[in-house]
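Reviewing the structure listed below.
We call the chains A, B, C and D, going by the order they appear; numbering starts again at 1 in every chain.
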Amino acid sequence: MAGSTFGNLFQITTWGESHGKGIGVVVDGCPAGILLCEEDIQKFLDRRKPGQSKFTTQRSEEDAVEILSGVFEGKTTGTPISMVIFNKTQRSADYSEIAGYYRPGHADYTFDMKYGFRDYRGGGRSSGRETIGRVAAGAIALKMLSMMGISVHAYAKEIGGIAIEETDLEECFRNPFYMPDQKAAGKVAEYAEKKLSECNSMGGIIECVIKGMPAGAGEPCFEKLDANLGKAILSIGAVKGFELGSGFEAAKATGLTNNDVFRMENGKIVKITNHAGGILGGISDGSDIVFRAAVKPTPSIAALQDTVNKSGENIAVSIKGRHDPMIVPRAVVVVETMAALVLVDALMINMTAKIDKIINFYKE
Amino acid sequence: MAGSTFGNLFQITTWGESHGKGIGVVVDGCPAGILLCEEDIQKFLDRRKPGQSKFTTQRSEEDAVEILSGVFEGKTTGTPISMVIFNKTQRSADYSEIAGYYRPGHADYTFDMKYGFRDYRGGGRSSGRETIGRVAAGAIALKMLSMMGISVHAYAKEIGGIAIEETDLEECFRNPFYMPDQKAAGKVAEYAEKKLSECNSMGGIIECVIKGMPAGAGEPCFEKLDANLGKAILSIGAVKGFELGSGFEAAKATGLTNNDVFRMENGKIVKITNHAGGILGGISDGSDIVFRAAVKPTPSIAALQDTVNKSGENIAVSIKGRHDPMIVPRAVVVVETMAALVLVDALMINMTAKIDKIINFYKE
Amino acid sequence: MAGSTFGNLFQITTWGESHGKGIGVVVDGCPAGILLCEEDIQKFLDRRKPGQSKFTTQRSEEDAVEILSGVFEGKTTGTPISMVIFNKTQRSADYSEIAGYYRPGHADYTFDMKYGFRDYRGGGRSSGRETIGRVAAGAIALKMLSMMGISVHAYAKEIGGIAIEETDLEECFRNPFYMPDQKAAGKVAEYAEKKLSECNSMGGIIECVIKGMPAGAGEPCFEKLDANLGKAILSIGAVKGFELGSGFEAAKATGLTNNDVFRMENGKIVKITNHAGGILGGISDGSDIVFRAAVKPTPSIAALQDTVNKSGENIAVSIKGRHDPMIVPRAVVVVETMAALVLVDALMINMTAKIDKIINFYKE
Amino acid sequence: MAGSTFGNLFQITTWGESHGKGIGVVVDGCPAGILLCEEDIQKFLDRRKPGQSKFTTQRSEEDAVEILSGVFEGKTTGTPISMVIFNKTQRSADYSEIAGYYRPGHADYTFDMKYGFRDYRGGGRSSGRETIGRVAAGAIALKMLSMMGISVHAYAKEIGGIAIEETDLEECFRNPFYMPDQKAAGKVAEYAEKKLSECNSMGGIIECVIKGMPAGAGEPCFEKLDANLGKAILSIGAVKGFELGSGFEAAKATGLTNNDVFRMENGKIVKITNHAGGILGGISDGSDIVFRAAVKPTPSIAALQDTVNKSGENIAVSIKGRHDPMIVPRAVVVVETMAALVLVDALMINMTAKIDKIINFYKE
């Protein structure tokens, strides 16, 4: 409840601060028998690694994961999987200055209000590095989903107000923005260059599409699949909004335009449109699940900003250090992995929805 | 986990179907010593009552709450408060037809996929009547907040694409739309009249403003205050999107425009702007908490729509019965009460954040 | 967490006070498709009904259960099942006196310390009537187990120090003590008669045997099946001890005598003895699960006892009213139903222990 | 729910196997501001360290704890505290043989039934080494309790049937059995010597006494303080029974002898006796909390035992390796720390029981 644990049957607990000894996660409830090695995790961590282009922070973090428990003879054992990523550089010198004031747009002030003091080095627990544990755990969830024929793909839909016009998923890996549209990515590069030179930063929108999800996952009331996806995504540091399917556009629509009609197609029930975004009444309907997250601009900027210090004086500051001018590209994999955690948990819970399924399970 | 329970320390469990014997809620963890009577609850239920204008359903539901436990000599005892609202009319005849097909935009299909069959009368558990239990429980949370000087006010910000231009909270109670802008309400009336005549429905946006919230509530990682508000709001039937503060606008902003700078004002630290919406790093910062919910159009419309029946045939249907042409006005109080549940829970959890506060508590 | 909710996937929430309007329970997470009617529940409630002999309280409580939700066309729908037992007589007059003092052996004093005041009528929430909700919910769990070939039988093993010497389960229903030994029951009748005449009460031991439980239920660490059975049983009002298999006898044993050796028998692995009580390492091993609960004497006795009143004066009191001279006979069904709740929950959670089982589930 | 997480507000998650890379725990919800260093933890780990006498295993484990997060400038930060104890020796050779058969009294068989295979090295997750994480986390809880004037002391009450006759806590640290009675410890040494020579092992009883606990902690229904203590203690590997206060003796008592009468003493309400063991109606009553745990003999013995192998053949085995001839002495600190975790959690939850306390908290 203190908030570092997420999920029910597939449950993760993350720990670690930006400049502490390391960052880690414990995955409890992972089923036994999954082939798992560090490379399965590492490839996802590498996608959120900084320093991949001039548009993400130039810090060189080598986030190498180590599996400490829960895997034996190459397979998960069903007992907790503990993973750690030791922080290679714990240089705290850069941060001594910010110990004394509250950075605008950061959690410095609220941490002090809540706890009385804070680990000010690099944002401590509120740093973006906190997501490393999420990604490591979510990588296992993604592997499980892929074994079940379910894919989860996120990408930058919009950065600095520049939106994609096509969705070529392979293009994502060819530009530094994780944008599935080469042309849009070009415009973003230009815009980002300009903002960088102004010591400024920019926001954007991440879209996520889930294919192959069976109907029936999610619970009717408070544990709706979309409510849990929303919580998962809104719990990522810089996310300020979440919408499913038509989302905020649905507010302007009418029932006739927004309802997705059902039709028979090759002997199967399908929806002709997908304004609902793949979830009806909180339960997956078998069509693609589509959602978007609004990501704010990086709050750490070198441009001069007003703020107050701990002595209660008005001051002006320029946040030094190597910061991302935009959060979106590195957050894409965080969105994918958080979504995967929600889906796996919902699929596991859904196994107990019908009595005949339970009886059959134990008959075998 | 099956999803009818919400909250941690202040925890509610709702039950009931649209056309069953009743709807109810159990509130567990409500502190002892709160003066509480049925009228405290009833006034909130009356705000979501149908039949208040021609723009909401003309069904006459008299939702009278009865407190069955947890209150003694006019005060809460600290033990579970059970409340029930018996359904006065359980006429199922109207619904016999829809038993055989899947209404577009409804949970009929997904309930069948999940559970193998469903209570088709009036949507059963997926009906909007499910929110009665939430409102009854949230009314207690709102009372607690008000005892602590915290107010929660929601209103229709936009209906059918028509947005408010001013925010006069008292006006909300003078028009059938819960809109804090008389002029906008007039335009909505006109538009709604037209849509009603077309057997169609419309969506909208609800905004909620929380004043007086102390800094420090909410937890840093997965249990961020905004993540939990998001989950609470997205768990309301027709909500398709949630945003905090600048929300999706933040995606287009830059760090310089989106960061809220801190200043000293009368010896107190304040934020000059509030793009963050009152929450930084998942923790309340002492300024107003502001969020918005996108609400889809009522899926039940009398206009002809395509769908399929349980025999797998393509058919066309017109949903009969008395349905709301818009969900927003009656959902306003649901948003307020769900928000209140999240706030109370977060405030209670936050009491254990500092060791000296705990030691002092038990010293007294 | 406030404590009126129990279980994870199969989750119950009880409410109600001894002399309030009623007692009830909400069962969330009950699988869809179970044939269920009020008679399925009532027969278990009748077993804990008072007034069945002179050795249980002579109050005439007619505890008739009413199902308010979650059942449609005779089957569970998968949504919450709300059950209520309205209190027929709410005579509070008898209890006005005890409002002012603390009954020895009761929760009067601790409720006042915790909540500042209490519903003193018949013990309020701490009354034995609180178990009605448990029994109603557990009746559904027992029905599920019986559909899976699992039986749960509890009985009085010892009352007032008089222990059974044989275990004839049918005999349980022929004597007022739920004792599976006619001779022992006769001796208990004699002893109880004597204690009744002395205005005194007596304790006893309940034993519970579960047959047909498949191996694999329960989790390795904190959620061991025996730990959860222990919690469930120790949460019943008057229970002061819990032991599994050899229990406290194991403390005097050696490894050689206490270990249960495995042998092949008809091609199956079996344990020759069952000192473990059917659970190894927290996980069911396929043999009978056997546990015992120590039940204290009824604290309400008519004999004169010292105590203090709320004004801080030493006084002497004689608890009037119609009280059970022993708790054991009526608690037997509570033990069975609490055990059933734990077993069903563990069986549901165990369905997700292996990846191939999950993949197969969704392949079908 | 998969069982490696324990507690609500003060929540721990343990991980690790006997012969994996290490053992660890994440503590989430620990209040900010507690002075904490590794020595605070190490002194408790040292108490469960093997090799301290010939009566505990002669393996030389150096369990050195490392704090990886959650502590900054010597104080807890309120964010998760991750602790790891790396396994120094991972010699798996000793265990290759037991991979093929099921040790009597161990979880080998049930792990195979549940997960399909197991980490057989030293018992894997079911090893006693799993308790290292509990002790490390509980050490923090004990520190918190001591700051609040609450002490928790456990000791061996009986080993191999030899019970203590006096309770001199300082004596515990002078004999290898943690027995507060020099004479009894002498007899145990003699008995244990004999059993060791027979390649056999023995059980015992641990008693725990908690002093200074304020009244009011624990919740009325399922989350009774005794139920949670019971669960915590029964979740320790070899524990087969739990009793509070008079425990199983209460089953033979009468109301008159078992009730603890209240009296005024120096202006305070006290109980003259403590058969209840410090908890009434699930809530602490301000007097000492006293409970006992029955611990079975070490199942790993060198004497020849029958069992079956994975090929389904009857075989006879002698468990080699360095095993404790008794579990009790090293489990004493595990009992203390598990109790402390329950108490801290209950004290934190109890802070929200009264509305005026909550209002005062936020007024300050």
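One rule holds in what follows: contacts are C-beta pairs under 8 Å (C-beta built on N, C-alpha and C of every residue); 3 or more make two chains touch, one makes a residue touch a chain.
These figures come from a predicted structure and were not determined experimentally.
Visitor: Which neighbours does chain C have in common with chain D?
Guide: The common neighbours are A, B.
Visitor: Report which of A-D and A-B is connected by more C-beta pairs in contact.
Guide: A-B
Visitor: With centres defined by CA atoms only, which chain is the most remote from chain B?
Guide: Farthest from chain B by mean C-alpha position: D.
Visitor: If you average the CA atoms of chain A and of chain C, how many Å lie between those two points?
Guide: Distance between chain centres: 44 Å.
Visitor: How many angstrom between the C-alpha centroids of chain D and chain A?
Guide: 38
Visitor: Just how far, in Å, is the C-alpha centre of chain B from the one of chain A?
Guide: Each chain reduced to its C-alpha mean, chain A and chain B end up 26 Å apart.
Visitor: What parts of chain C, by residue number, touch at least two of the other chains?
Guide: 1-5, 8-9, 14, 29, 32-33, 78-79, 114-116, 125, 220-221, 349, 353-354, 356
Visitor: Can you name the residues of chain C that touch chain A in the complex?
Guide: 1, 8-10, 29, 31-34, 76, 78-79, 144, 147-148, 214, 220-221, 347-349, 351-359, 361-362
Visitor: Any idea which chain D residues touch chain C in the complex?
Guide: Against chain C, chain D makes touches at 1-6, 8-9, 14, 102, 104-107, 109-111, 113-116, 125-126, 130, 158, 160-161, 195, 200-205, 215-216, 218-224, 226-228, 230-232, 234-235, 237, 240-256, 258-264, 267, 269, 272, 275-277, 279-286, 294-301, 303, 305-308, 312-314, 349-350, 353-354, 356.
Visitor: Provide the residue numbers of chain D that touch chain A in the complex, in ascending order.
Guide: On the chain D side, the touching residues are 1-5, 8-9, 11, 13-17, 20-24, 26, 28-30, 32-33, 66, 68-70, 72-73, 75, 77-82, 84, 114-119, 124-125.
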